[in-house]
Structures are given as structure tokens and as C-alpha cells.
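Got a structure for you, questions after.
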Amino acid sequence: MLNQNDLNLLQKGEPVNHFLLLKKCEIRNTKTNKQYLYLELGDKTASLNANLWDNFEEFYKQVNTGDVVKVAGSIDEFQGTPQIRINSIRKSNRKDDVLPQDFLPVSKRNPEIMKREILDRMEKISDPYLRTLMKQIFSGENLEKFLKAPAGKSWHHSYIHGLNEHTLEIIKICDLMCDIHPEINRDLLISGAMLHDLGKVEELSYETSFDYTDKGKLLGHIVISAMLINEEAKKISNFPEEIKNCLLHLILSHQGKLEYASPVVPKTLEAITLYQADELSAKVNAYKNALSSNSVSDSKWTKFISLASTDLYNHGIPQEDDEGINKTLFD
Amino acid sequence: MLNQNDLNLLQKGEPVNHFLLLKKCEIRNTKTNKQYLYLELGDKTASLNANLWDNFEEFYKQVNTGDVVKVAGSIDEFQGTPQIRINSIRKSNRKDDVLPQDFLPVSKRNPEIMKREILDRMEKISDPYLRTLMKQIFSGENLEKFLKAPAGKSWHHSYIHGLNEHTLEIIKICDLMCDIHPEINRDLLISGAMLHDLGKVEELSYETSFDYTDKGKLLGHIVISAMLINEEAKKISNFPEEIKNCLLHLILSHQGKLEYASPVVPKTLEAITLYQADELSAKVNAYKNALSSNSVSDSKWTKFISLASTDLYNHGIPQEDDEGINKTLFD
Amino acid sequence: MLNQNDLNLLQKGEPVNHFLLLKKCEIRNTKTNKQYLYLELGDKTASLNANLWDNFEEFYKQVNTGDVVKVAGSIDEFQGTPQIRINSIRKSNRKDDVLPQDFLPVSKRNPEIMKREILDRMEKISDPYLRTLMKQIFSGENLEKFLKAPAGKSWHHSYIHGLNEHTLEIIKICDLMCDIHPEINRDLLISGAMLHDLGKVEELSYETSFDYTDKGKLLGHIVISAMLINEEAKKISNFPEEIKNCLLHLILSHQGKLEYASPVVPKTLEAITLYQADELSAKVNAYKNALSSNSVSDSKWTKFISLASTDLYNHGIPQEDDEGINKTLFD
Amino acid sequence: MLNQNDLNLLQKGEPVNHFLLLKKCEIRNTKTNKQYLYLELGDKTASLNANLWDNFEEFYKQVNTGDVVKVAGSIDEFQGTPQIRINSIRKSNRKDDVLPQDFLPVSKRNPEIMKREILDRMEKISDPYLRTLMKQIFSGENLEKFLKAPAGKSWHHSYIHGLNEHTLEIIKICDLMCDIHPEINRDLLISGAMLHDLGKVEELSYETSFDYTDKGKLLGHIVISAMLINEEAKKISNFPEEIKNCLLHLILSHQGKLEYASPVVPKTLEAITLYQADELSAKVNAYKNALSSNSVSDSKWTKFISLASTDLYNHGIPQEDDEGINKTLFD
Amino acid sequence: MLNQNDLNLLQKGEPVNHFLLLKKCEIRNTKTNKQYLYLELGDKTASLNANLWDNFEEFYKQVNTGDVVKVAGSIDEFQGTPQIRINSIRKSNRKDDVLPQDFLPVSKRNPEIMKREILDRMEKISDPYLRTLMKQIFSGENLEKFLKAPAGKSWHHSYIHGLNEHTLEIIKICDLMCDIHPEINRDLLISGAMLHDLGKVEELSYETSFDYTDKGKLLGHIVISAMLINEEAKKISNFPEEIKNCLLHLILSHQGKLEYASPVVPKTLEAITLYQADELSAKVNAYKNALSSNSVSDSKWTKFISLASTDLYNHGIPQEDDEGINKTLFD
Amino acid sequence: MLNQNDLNLLQKGEPVNHFLLLKKCEIRNTKTNKQYLYLELGDKTASLNANLWDNFEEFYKQVNTGDVVKVAGSIDEFQGTPQIRINSIRKSNRKDDVLPQDFLPVSKRNPEIMKREILDRMEKISDPYLRTLMKQIFSGENLEKFLKAPAGKSWHHSYIHGLNEHTLEIIKICDLMCDIHPEINRDLLISGAMLHDLGKVEELSYETSFDYTDKGKLLGHIVISAMLINEEAKKISNFPEEIKNCLLHLILSHQGKLEYASPVVPKTLEAITLYQADELSAKVNAYKNALSSNSVSDSKWTKFISLASTDLYNHGIPQEDDEGINKTLFD
């Protein structure tokens, strides 16, 4: 466990004596042809720039982006944005006992609680075929990856454990919709909710930063999910064809529209519910993050957010206390 | 209270001795120039055609669409769809004690329970300005209309009490989202949810059938709502400008996109939540209704549903019992 | 083999003594409430209407759409379109030795030649993994279905053997593009061309008429193809991951745009080539068919073709002789 | 009244001894970490950059963007674009008798003449309800703001008095359309034209620069206008409901399409006329400005204009003399 | 000159003794297989249906659609719409002295006045090259066709002389815009306005009804106009290339957007003015016609107008007298 | 013929002693106000930057972009991209015997072979009118320009001789489609293919760089082609109107959709074939070039290609030898 102050809390002038993730490392030169080393360094709360003006060749040869480095220096400020003024820098070694993943953004919810929630909900699926399929898929390496992966590269739930956090939100919303509409097949819908973004564990890489894999860009998480479900269902004898097709349909249609990369549009009551529940969870999380990470000083308006096609407004209306954030959703 | 069997339960050959709503009444003629009277007659469960071949002139002069008539005859079937074979027909009179609204489709939920739910939730708004505004608006004639109106002409919650039923669903979804995201201002969001479709009480007429009013087509329910809120907030001294603008923004942006007739897109966390919660409630209700009212005999597929741009699939997978439909959502 | 004149060649007044496919069979009634039986009867060249005015109850109980019936009568004409005036009609029996598929539209090319072409081309794939995969997939039941299936319900190559005919055209175009551009990986492209629409054998039913299956509507042929390829490649030890992903990418992206139901857009040189070759083959075939089957008498213009968003023009400019239609494309 | 040469007329090397509006004022630093003060200074004709390299801290603390400053120096040129080389700079004080608004772009038409034109036209409205409503709205503070406001932030008529200038152009066009088409209700159309953009007086701020207000971004000028008209019409007893709804419809639909932020599309003859007249006035003004302010040296083509989705062409064809610009449109 | 009452003024029961244009003439048959002749007959004010039940074979052989026929009978009404009950009918002959064009809809403005207006305006073009080009084009057969042609098949100004009427409206609007904006090159703009739709004289046929020609559908009026101007300008020695290109650009871009079939978008100040002036003239005329010809009895709302994507509203607000309709626009 | 190594082959540190095309030449200045000369220098294989820090005034006055200059110096590298470090530079003179066009990108195919191919194919057109028209157009200056011009500014076949190379590819594809579909009129289609982009010889300038001409931007190559064909066909007596209209239709519709700037959509079998063949040739060439010229070091993925709306993937799968590139397509 890392014992150092979060980067986003340091003020101008305060000392830096931190392990940080090396996010960019490039030799640049000034207009007058002087070379220097341009760095981007971060922890899970922030990313800052820094320049090395001399004797950086040795360091430059030793490191790669994604490495953890030890930095000593102080917080400086240029043109209104904080930078790190570096006194010394070195690559971390085994004795330091630090890992790149300690520097990635992470869900604010407790991962152990979230793990228990998803496994508990799985047990409550009544249909034996679906419950068997779920337990077969959510086990071993698949389960581990699912519990750790982010739900996206940058837009919504884009932090470690984000995929499970997002999945749990959708399940909660879907269970509410089943309470309201008994016509919905609850087992089918909840199974679809659990599986809908599972392919993201192969679509995204998230060891030292969040990015798409080659497979992810060539196939997309929707089809990766579908192929996995198809394989696993084949292992269960007599798995009903109708259930399998309706479950696959849930996965394939959950982005709701062809232009959002779903190869089919929702055609069942469960499919329209899953699509809209996914939208609700994703959009609210994305706007919440965009509001906090794109703020402009002295303004209630954020920068223009291109995925929302607008800038967003942080109104100043006082609100209720934050008391619920780590409480279990399923009680 | 009307004491007769529902029209959709009558089988071919069974007698008809019913009060029914006159939905269409036109003189037509056959290819061979014989005139006859074409009628459309319905109760809240179904609409059937009927023809009068002789002596219909007197009856034709007495009635208008929207009247209740008394019909004696039997159920016939032509080309696979049931019709009414009429033996006698007359306009209803005062002694019959029947009203057109007894024949309109109506919510399956208990209106008294729903009324209590909406009023109870209103009382729980903590912000004094918002609570005062809500109580001022949801009273008298406005409240009465709100409790009775449908939420649409034909797509979702298009039945008597549908507006309140839809509003309660959204409130429930929004309260869940506030549980998950304490950053959302709960009072603001719930007030916006309660008011978002209020303008529909003037946009729609629903006395004898559901249709748009002239005002509704010229202004739209969004602007009608906004003008009403603006008027009512002016009556409350010192109503905070910031709250008023954010509340109006919720109403104006709740259809989410300009092309869906919202004059502004969602720019606050509450606004994106309300839009997505509205979508979830509306789409699930709409697809549920479309699945049941567009079925094709001997097929799991409905007719093509143009608002969904697809036909829909009634899978045969057994589901849980319907036990929750009349239980209060707020407990 | 059926020995009777094609329906589209019969003139008004000529006798009918034909086996025909029963495409529609409904009891209707006239304005004056007389019931009659409305029929649609066809062979592979045309479909005509017919009415039975009396004694049709027994016949109606015996038959289903998709059955072959024996009809005696003559060609009549009403309102400018030919009909069949029926003297007698009966359901076919085993001794008649006729099958529904004898009445479906069929490719004009020789199926045996086309079979040889596709199998020969498969043998020329140099990459051993891809050739093994192709031979594994194009065998047994899969091969049989592939050789028989149409390539669509109604727009292009919508006739028996149409899927293979369409596939062969694309292969020919793709081979030409490889001749022009040596940068294209020929084995990969040709394998993708062979497999791109294979899922249509499960997406479509084509025993007695052309329609979508439930699975086809819920999953779509693109994903059906991808799941099949994924399964089969798993059976080949050491099948290279890169080749598998690029092959799957070809299938997934071959409709070129998300809004055309491809879950990913073309991202490799082979993928853009396959998409454009598919478009070329499909559009030319579709327009050719639309021009001949939507003509309007006394006009060079067809009816409005909604898939082309225009009416089409049959200019009168004389053209070269038709000499190439049954010659093998691969020589 | 300011007595100094327009900034856009000064040549390289000429002295600067000007009051200018401070539009930007930021501390920046060079690659070699030297801090300097970056300024943007302008009058109503142009904006130029300037740098202060030393002793800027005191000045920096005294000023805010939007202040007027007194600058002495000369015109310099770097990389082909003129800059100001500053010898001395100070904040203006009361004795200088200069105001920020003296430095904003302003209509070329005489504001007094335009004021008379709009008030005269208002008097000619024959319908008593509409004339009363217009006189009630176009008075006091509303009138003052209307006469001064720009019609937009940057695209068309984006200068002081631009809102009235734009409104007068539309009125002239609408009166011509009424001459051609007597079916148009002239009073209704002209009233709608006068009011259509009135909400911009609250949507935009234009004291020291042109920008959107919070209210403007949350509600939009269309709804602000509608709420104002609704309030004012309520004060007139017996104001006819039909006229009010049609007038509100004009305002709501005047941007013509939902995707242009109108919550309803034009449904009356007056509404389609107003929309098209607005387009004509706005587009011609916008293109005229874009042609003159985006020119590229040594080219007849402007820079790419993103709102027009093209670059524009200044052809060299000689044209008639400019003689009409200040003559009254209404004579 | 035809001396008979307009068809749209005849009431049910009134006698018909009229020459009418034969717009449709088809043999149909009833459900019970009785053949009859279905006719559509019209003058320039209306079109009515009629049926001939007996002895129609001889008549059917003599006539073609587009012929004028003499009809005796009376006005009947079926299903709420008037029909003609025919007593006798015959084809017109030379002695009748009637022509098909007497039965086409025609502009309400005086064609001689409009001819004078367009020729007078042409003389006022100051640029000698443009004036010469205009006089060369607007002469002989071209001029005759231009003065007679409609401006469209059905949407706006779709009546005889409509092309000139529409062109004159645009000229009037453009002259107003030149008064407001002296930056516009008036000669260029007015020349473009005169020529912009000239190609419609070859795109449309309008002898016996309004329809597209083969050439019109294959090339479109925009390119037909451009080719004609190109040819005629080549005949004028030293015609300036810059003027020619800008004039062609006006014609090519006057539909404003690529998706409206303009091959280039407006890139000059004149081009944007012409596009918006065309839109204003076309839309107001189209909506005016749609309001009067799509009215629904007992409703202020028209039928749904697909080209406007809405139904339209005939408000009941009294308006000024129609006094200007035949007065010359240019005085 | 230029005797120097290609720029894209030079390594860091290697000497430069080259004639190069001057593509950009601007005086810039550093943050500290020092002026320098910024240059962009290239041959047909690459473009590199260079800076002159002193004594550049004389050189700057002598040259214009588009000139050839002689440069001595060496290859340097800053921030990972190569630059030229200049020791001396001078403008080329007549004795140097170098021309700007020697420095433009050029087709890899042999231009003499391509010239023979296009002329040979022209001779094989059987229809005498079309063959005469082709020979008339493809002669003299038109032919010369056609053989040299690129087919675009930057997207596909954007190199010298690219227009002919692209045209030949389309012809080959079209001939294949005629082999498959004898219903296509081969003469018409091939003539359309030859002419479809001919207008690009006037739309583009390609003497010293590739850019659009004024005429090209105002009219577009489609209409330029159409006007030329119209003129030339008028010179041939009795040129059949039907052939002329269908040929013009091919040119006008060959971009397939209105939004791609075709003023009409394809309405004949030849037109749909030409559009799809053009797409196939253009897209494959464009993606091939984009893959090679947008590569990112150490990545199989290119930069984001905005015209493809995606980044592209260079898979590592080995492919067949490049043996065919200079062989004649028509043998």
C-alpha cells in the first residue's frame, strides 16, 4: 500500500517525494535547438508535466512509459497550471515494492463488497440453465478479470473495478424495473445485465494504462461476449435454444441502435430494458465524472465536452450529505 | 359502475347487449352504390367494427362520435377478425347513467393508491421553496387533471391515470439513482420529475378519446409546463433564481435531444438523470404495450412497430408470477 | 423434374393444368358478406391470384401455405393483371412426385458448375491454416446448405443457389483487386469472401418460401458467421490468433458501416476491399432484378423502388449479345 | 466620444497612444522559464496581441479583463500579423471618461434612425390586442435593452444594435411577403417578427464582451421570449387565446426545425414566412461578415468557415456604389 | 375561351354539362367480377371521379388520358366526397374548339403583366455582358416556354405561368436584399435569379398534365440550366470567365445543400442570397397551397403534409383585405 | 532526369546535397523575438522542415513556394522527426535543368503503358457515335492533361498520372461486371467510365502542387465534365439524344448519392455499376495509401484517418510477392 499524499492535493511550493507512474517521456527541443526531456507523471488522482533540462540521457535509456519512477522536487506553477520541478528522478526497483496498477484510477466503492454483491446476485437466478451458465462463466480467470477491469477507456466507469460497479448499478435498475413490470423475465434480464459488457475484459488493456487491444478494435466487446457465451452454453447439455438465442440477443442489442455498434436492435422486452438501464447508468456516471474533471476555474461551466456535445453546468444549489457511497446496493 | 363483460372476452356467436363508445360513424357505399353505415364501437378493452345496412338515417342524425350507445346483437367474424352483428342500436340517455370516460383505457394500478404516493412523495421534498412550489402547483384543478390524464396519445402510458403512473415510475428510478450518486441534488431532481410532463394536461384532450389540443400542437407540453412553472414561481417571494433556472432547465431538456423537441440539451447532472429515467420508463411501457396489442396469430413476432423501427418478439420462456402489480412503490 | 409450361408465359384464355405452390390461402368476404377463398398460386416464374366462390371449406381444411396443389382452369384477366379462373383444385399427393422447392425462384447459372467453381477456388488458398479451416467449414451439411441457399429474402440474389452465385462474383472481383494491388493478402481476402455471408444459411429459411428465422432476426447472419468461425478455428491446433482476428474482422465489417449492422467498420485493406466488392455485386444484381420485375407497361420507368430511393430507367439502347451467362467464371 | 484612430487602420511602425479594451491578460512563460505577460487589446475594429516582458506584476494585480487601459507604443509585426510593442500601459480612470462599451463592435446603421423605425412600425399594427401587447413589451428597460443588444455572439449581426437591425430587416422582408401574399395575417406576422429574438436580451451579455448568460444557456432565448410574452399577455384583459397561441407559436417555431432548437416546427403560414425571412436576413449578414473577416492575404478564398461548412469566395467583379446604407428602410 | 362553371363550385345535385380533361381511364371490376370503367375528370379547379357501368367499350377505345371529353350528368356524393354521375360522355372534336391546356391549373396573376415585368427587369441589368446573355437566352422559344411553364410538378407554383411568377417573387426579394446590402453584386444576383430554374422548361412536361420528362429525371433542371448558359455564353465574344463561373455557381448552388441536389454549396454572397430567397418564395407558396388544398372538413388542421412533415393550421384570425394580388410588383 | 537519392531513404547524419521543391517559406520569430526562416522542402517521396537562423533576407526575396532550390546540409532529428540542417541554400537556375514537376508524387505504373491501354480500350468501343465522341474528346490538349493529371488532391490516386491509373482500374472492373451481366450496355458503361472524372483536369491544378482551381471549387468536376460532353456531342451530327442523356446521366450520378455531390442518383443499370466500381477503385487505393503514409512507429495502427472515420490496421500476416504491378491490365 502506497503511503504518500495524493498528487491533486499538493499546493504550489510543497515538496514532492513520490513514486509516480511515467505516462509520457519524450526528448523535445526548444526553438533555439536546446534538447530537454518532457515528462508526464501521475498517480491515480492527477497527472502533471515536468521537464528535465540536463543529464537526462541515462535516465531516458532506462525507462519506458508505464514504469514507476521515484521523484524528488517541488510543485511549481507555470501559466496557471501546476508542474513538477524535479531535483532528482530514478526508476523504481523491486525493493520499492510499488506496482503500476497502484497509480491507476480506481472505483471509490469497496471491491470486496462489490465482489460479494455480484456473486450473491448470481446465486439468486432461479432458472437452472442460466444459473449454471453464469457460474461457469463467472469463475476462474474470467471472474478475476471481470472484478478488476474498467468499463471503458475514458467516458464512464473508466477506473479499476469500474466494470463490476457499472454492472451492479444496471442490475439494481433492472431489478427495480422487474418489480414494476412482472411481464419482464427477471432471470433472463439479470443474466443479460451481468454478461452485457463482459467482452470488455478482452477489449481493453488496463495493466499500466487504459487502452484498446488489437482484438478489441478488430472485433469489439459485443461480439467477443457473444462468442464466449456461445462456447460456454455449448458445454451445458440441453441448454434450451430459445433461452440461448434470447440471451445472445440481449448482449448483441444492448447498445440499442445500429449506429452505436449493436448488430441488432432490441426486439424483446428484456432487451429494451437492458439498453435503457445501461444508458441510464453510463450517462449519469459519465456526466458526473465530466463535471468534476473538466471544471474551469472561476466558472460554473465546464469545458466543452465533445461526447455530450455541450458544456456542463455545476449549479451551486446545496445538496444532501453523502452518506451512502459504500453501503451495499443489495440488502 | 358499468356491469357488462369486457368486449375482448366475447367469443364468436356470443350475444352482445352492451353500452359502447361510438368511435367512428360514417356513411359509406358499396361498389354497387348501396349506402350503409360503418361504425366503430368500443369499450376500454377493445374496438370492433359493425355495419348497419338499413334504416340508419335517423340514428345517424342523432349521434356524434364520442357518444355512448346501447347495442344489441352478437359477435360475428369476417376474414378472421371479430365484428358485431347489430340487431338494434340506440343512443344512451340520462337514465342509462353511463359516461364516455367509462369506455376509455385505464391504468391497471389503483388510482387512489397512486394519488397517495405522489402526494406523500411531494411532502418529503426538503427544500422549502421547491416544496412550496410543488404544493402550489399540485392542487386544485391542476392536481385533478394530473391524476386523470394519460401520458400520451398512443405510444406509452396512453391510458387514464397514465401520467401519474409514469411520473411515479420515474420518481422511483430517480430516487434509486440518488441513492447511488449522492452528487445528485435529490430535491431538484424529484421536483423536475414531478413536473416534467405536467404540460400534457393541456396538450392532450382525454374526455371521449385521446388527442392533441390546438394549444398542444402549437406550443407543445414542454413549453406549456415551463410557462406554468414560471408563473407559479413568480408568486413565491424570493424564490431563488438559480433553483428556478435549474428546475426550468430540467423540464426543457427532459426529452434529451433537440430533435426530440427539447429546446436545450441536458447540461446538469439532474437533467441527464431525468432524461434517461424518462426514456427507461417510457420505452419499457411502450414496448410492453406494443407486444400485447400488435400480436399476430400463430406467430411470436408482432406486426412491424414503426416507432420501434422493428417487429418485436414474444419469446416463450416461462417467467415469475405477477404478484407486485398493485403494491405501492413507496413503502 | 416438373413438365409444365412456365406460368409467366401463359396468355389470357390459355388452359391451366399445373402443379403450383400455395403461397396464400385466406377466407375473405365481399361487402355484401359473401365468403370466398382468396388464393395466391405460383411457380418459380410468377405468382397469380385466384378466387374460389363455392364449396371451398373442405379444401381449406386440408391445405397449408407451402403445399403444392394441382389446379385445372384457365388464365383470366381482371383490371389488366392476369388471374387464374379455377375449375378444380386439389392438394398434391406422394404419387404426384412434386416438391415445394421446385416452385421457388432459382439461379440461372448451373449449380453443378458453380459448386465446382467454389470448391476449386478453395483448393487454391495457399495458407495452410486458412485452407484447412475453409475445407472444414465447407463440407457436409454446411456445404449443402451453402450451395442451395439464397443470398437474401428479396433484394439481391434472392433465389435458390443465389448465395453461392453471389459469393463467386465477389471472389472474382476480389481476385481482380488482388491482381491490381499486390499489397492485399489474397488468401485472407478470398477466405473472408467465401465466409462473409455464410450465416445466411441459418438466418434465412428457404424450404417453401424465403423468410427470416427467429434466430436470424435475433442474432443476424454476421454474428452467426462469426460464432461458427470461432468454433471451427478452435478445433485447429495452433491456428494463428492474428489470422483468426483478421478473418473475423472481415466478416464483422463486411457491411461497411455501423448503420448497415456491421458491429465494426473496415480497418484493414482486405476489409475495405471485401465491403466494396460486396456492394458492387449486390447492387448490380439488385438493380438488374428491380428493373425487370418492377416495369410499368408503356413506360421506360419502373415503379418507385424504395430500397433504391428512386424509380429506375430501362433505356432502349441496343446492347451486345448475351453469350456469357453459363460460362465458368474461373478458367 | 473617443477621439483616436481605429486600430485596424494603423500601419506597421505607426505610434499607438490609445485607450483599448483589455480582452485577455495572462502570465505565461517561455521554454526557458522566463515569465512574461500576454495581452490581447482591442477597439471596435480589431484585436491585437502584445507582450510585457518586465515589471508587469503591479499592473497585473490592478486590472481585469473588460477594463479599459491606456497604451503607448507602436505597431510591430511578427510572422506577418501586427502586434503592439508597448512602451507604457496603465489602467484608465474616471477622468479618462472612457467606457468598455465604446470598444465593442457596433452596427453601421444610425441607432436613432433604427429606433424610430421600429417604434413607427409598431404603431402601424392594426389589431388592438397585438398593438397593446407590443407597446407594453417594447417600453422601459426591455426597449432599452432591445435597442442596444447584439443579435448573436459571433455569427450574424453580432454587434451593438444588431438585434434591432436584424429585426428591422426581417420586418421589411415580411412586409414584402404580405404584399405578395394577402393570405398572410400581417399584424400577426409583424408582431412575431418584432418579438422573435427578444429573449436574446437575457440570453446574451454584452457589457464588456459578447457571451451567453447562465440563464441563456439553461433556457435559451426562445423559451425566455415565450415566458415573457405569456406574462405580458396575461396582463391584458380578454387577450384572445387564439391570437396568443398563434403568436407564441411564431416565436417557438421561428428556428424552423427541431434540430435548430425550435420545440415545434412551423405550422401556420405566418410561421413558415417568419422562419424563412429570419434565415434570409441571418445568412446574408453572416456570410457578408465572414467574407470580410476571414480573408486570407493574396487569395480570393477565405479560411474555412465551419458554420458554413465551406470556404467562401470574394469574386473580383465590380459592383454598384454603396449609397443606401444609412437610408431608412421604412419610407 | 371556355364558358362553363368551375368544377369546384358545383354542389351536390347540380347538373354537369362540361368539357373536362380525362386524367385517368381504367377498366376495373367489382368483387363479383362485374367490369366497369373508372374515370378521373377535371378542370383547372378540381378533379372528380366517375364510373361508367355499361356500354363503355367503344368510348374506351377512342380516348387516351390527356384528351378533352364532353360530359353530361350531375354531381353525386359518396362517402362524403363528390362524384360525377354520368348520363352521357363523348370525346371532344375540332368543332368544340377546346384544348387540354384550358384545363390545367393556372397562375392567378395576369400573364401579360408578368411578361412585361420580367422583360423590363432584364433591361435594367447594367453589366453589358450579362444583359446581352439574358436577352439572348430570354428570347424566341426559350422565352415562350419560360413564360408558360409551371415551377414544379406539385409542391410550389405548380401551375401554368408559375415559373415566371416564382422568378419574379425571387427578383423582388433579391432587389430588397441588394437595397439593404450594397456589398451584393446586383447584376449578378438578378441574372442568377432569372436563370436559376430555367432548366425546368425541359425538366417538366406541362402540355396535358405536369410531369417530369426523361431528360429531366436523368439530368435534373440544374445541370440543364448550366449546360444552356455555358453554350450561350460561348457565343458572346470575350464573355468574362469570372462572371461566367460566378453565374454558373449561382445556378448550381441555388438549392443550397448537396442533399437537395445542388452539386456545390453556396460560396459567394450572391449565392447564399439566391438560395435563401428561393427558399422563402417556394416555402410560402407551397404552404399557402397546402393549407387550401388539404383542408379537412370541420377542422382547422389539414391532413398530414409529408413534404412539411407536419399537418398545418388554418387559424381563424381575421386578416386584411386582398387588394394587391394583380398589382405589378415592379413599379 | 534527377540523379539524387530519395529523401525518405536518408538517415540521420547523412549529407544532403539535393534539389528540392520549396513547399513553404515563412518568416517566424521565437518567443524572445528573434526572427528566423521556416522552410518546408520536399521531393516526391517526402517533405522535411528546416530553419534558417541568419542572413535569410536575400534568399527570402528571391524565391516563391513552388520553386526548386538547391540545398546542402545534413539530416538532423528533433523530437523524433527528421529535419534538414542547412549549410547553404540557393534558388535553382536554368542550367540546373530541374522542374517543379520532378518533385511531385507520381504513379508507380509506367505512363506509356497506361497511355497505350486507354487508347486501345477506346478503339474497342463498338458504337460508332460513342467511339467518335471518345476520340474527339481524348485528343490534343484534353488527352495530354488527362494522361498527366492526378485523380484527387490527397485522398486517392493523388499523384501524377493518377487520373488515368484510376480510370483504367474502373474500366477493368466494369468489363468484368459486363462479363457477368450481359444486360449491361458495355459501350455505354465503358464510355462513362472513361469520362467520369475528366472534369478533374480543370478542377485541379497540379503544376507545382495539387490544389483546387477557382473554377473547380465553384463548379465541381462533375458539371465541368457534363458541359464538355454536351459541347462535344453537339458537334457530331445526329448524335442520338437517348445515348447522350444516358451518358450524361452516368457522369452526373457517378458519385452515387446527392450528399456526395452528384446532382442525380443512379437510375440505370450502367449508372449503379459505374458508381460502385468507382467506389471500389477509390476506397482500396485510398486505404492502401493511408495505411502506408499514416503509420505510427512501434504500432500496427495508423493515426486516426478522418476520411475513414477510424484508424487502420497493418496486420503482420505475410503475403504473396509483388509481381504484377507494371504488367498491362488489358491483355
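For reference, chains read A, B, C, D, E and F in written order, and residue numbers begin at 1 within each chain.
By definition in this document, contacts are C-beta pairs under 8 Å (C-beta built on N, C-alpha and C of every residue); 3 or more make two chains touch, one makes a residue touch a chain.
All of these numbers come straight from a predicted model, not from anything done at the bench.
**Q** Return the chains common to the contact lists of subunit C and subunit D.
**A** For subunit C paired with subunit D, the chains in contact with each are A, B, E, F, in label order.
**Q** Tell me which chains count as touching both subunit A and subunit C.
**A** B, F
**Q** From subunit E, which chain is the farthest off, judged by mean CA positions?
**A** So the chain farthest away from subunit E turns out to be A.
**Q** Counting shared numbers against all numbers at the contact of subunit A and subunit D, is it over half, same, or under half, different?
**A** Interface between subunit A and subunit D is built from largely different residues.
**Q** Which listed pair, D-F, B-D or A-B, shares over half of the residue-numbered contact pairs seen at A-C?
**A** B-D
**Q** How big is the gap, in whole Å, between where the Cα atoms of subunit A centre and where those of subunit E centre?
**A** Comparing mean C-alpha positions, subunit E is 61 Å from subunit A.
**Q** Between subunit B and subunit E, what is the separation of their C-alpha centroids in Å?
**A** Those two chain centres are 44 Å apart.
**Q** Where does subunit F touch two or more other chains at once, residue-wise?
**A** Those would be 31, 214, 217-218, 246, 249, 267, 311, 313.
**Q** Per the touch rule above, enumerate the chain pairs that touch, sorted by label.
**A** The list of touching pairs comes to A-B, A-C, A-D, A-F, B-C, B-D, B-E, C-E, C-F, D-E, D-F, E-F.
**Q** Mind pulling up the subunit A residues that touch subunit B in the complex?
**A** So the residues of subunit A touching subunit B come out as 126, 169, 172-173, 176-177, 179-188, 240, 242-243, 246, 249, 265-269, 272-273, 276-277, 279-280, 283-285, 287-288, 291, 308-313, 315-317, 319-325, 329.
**Q** Can you list the subunit F residues touching subunit E in their complex?
**A** Where subunit F meets subunit E, its residues are 214-215, 217-220, 222-223, 226-227, 230-231, 234, 241, 245-246, 248-249, 252, 258-264, 267.
**Q** Report the residues of subunit E in contact with subunit C in the complex, numbered from low to high.
**A** 26-29, 31-33, 35, 214, 217-218
**Q** Per the contact definition, I'd like the list of subunit E residues that touch subunit B in the complex.
**A** 30-31, 78-80, 300-301, 311, 313
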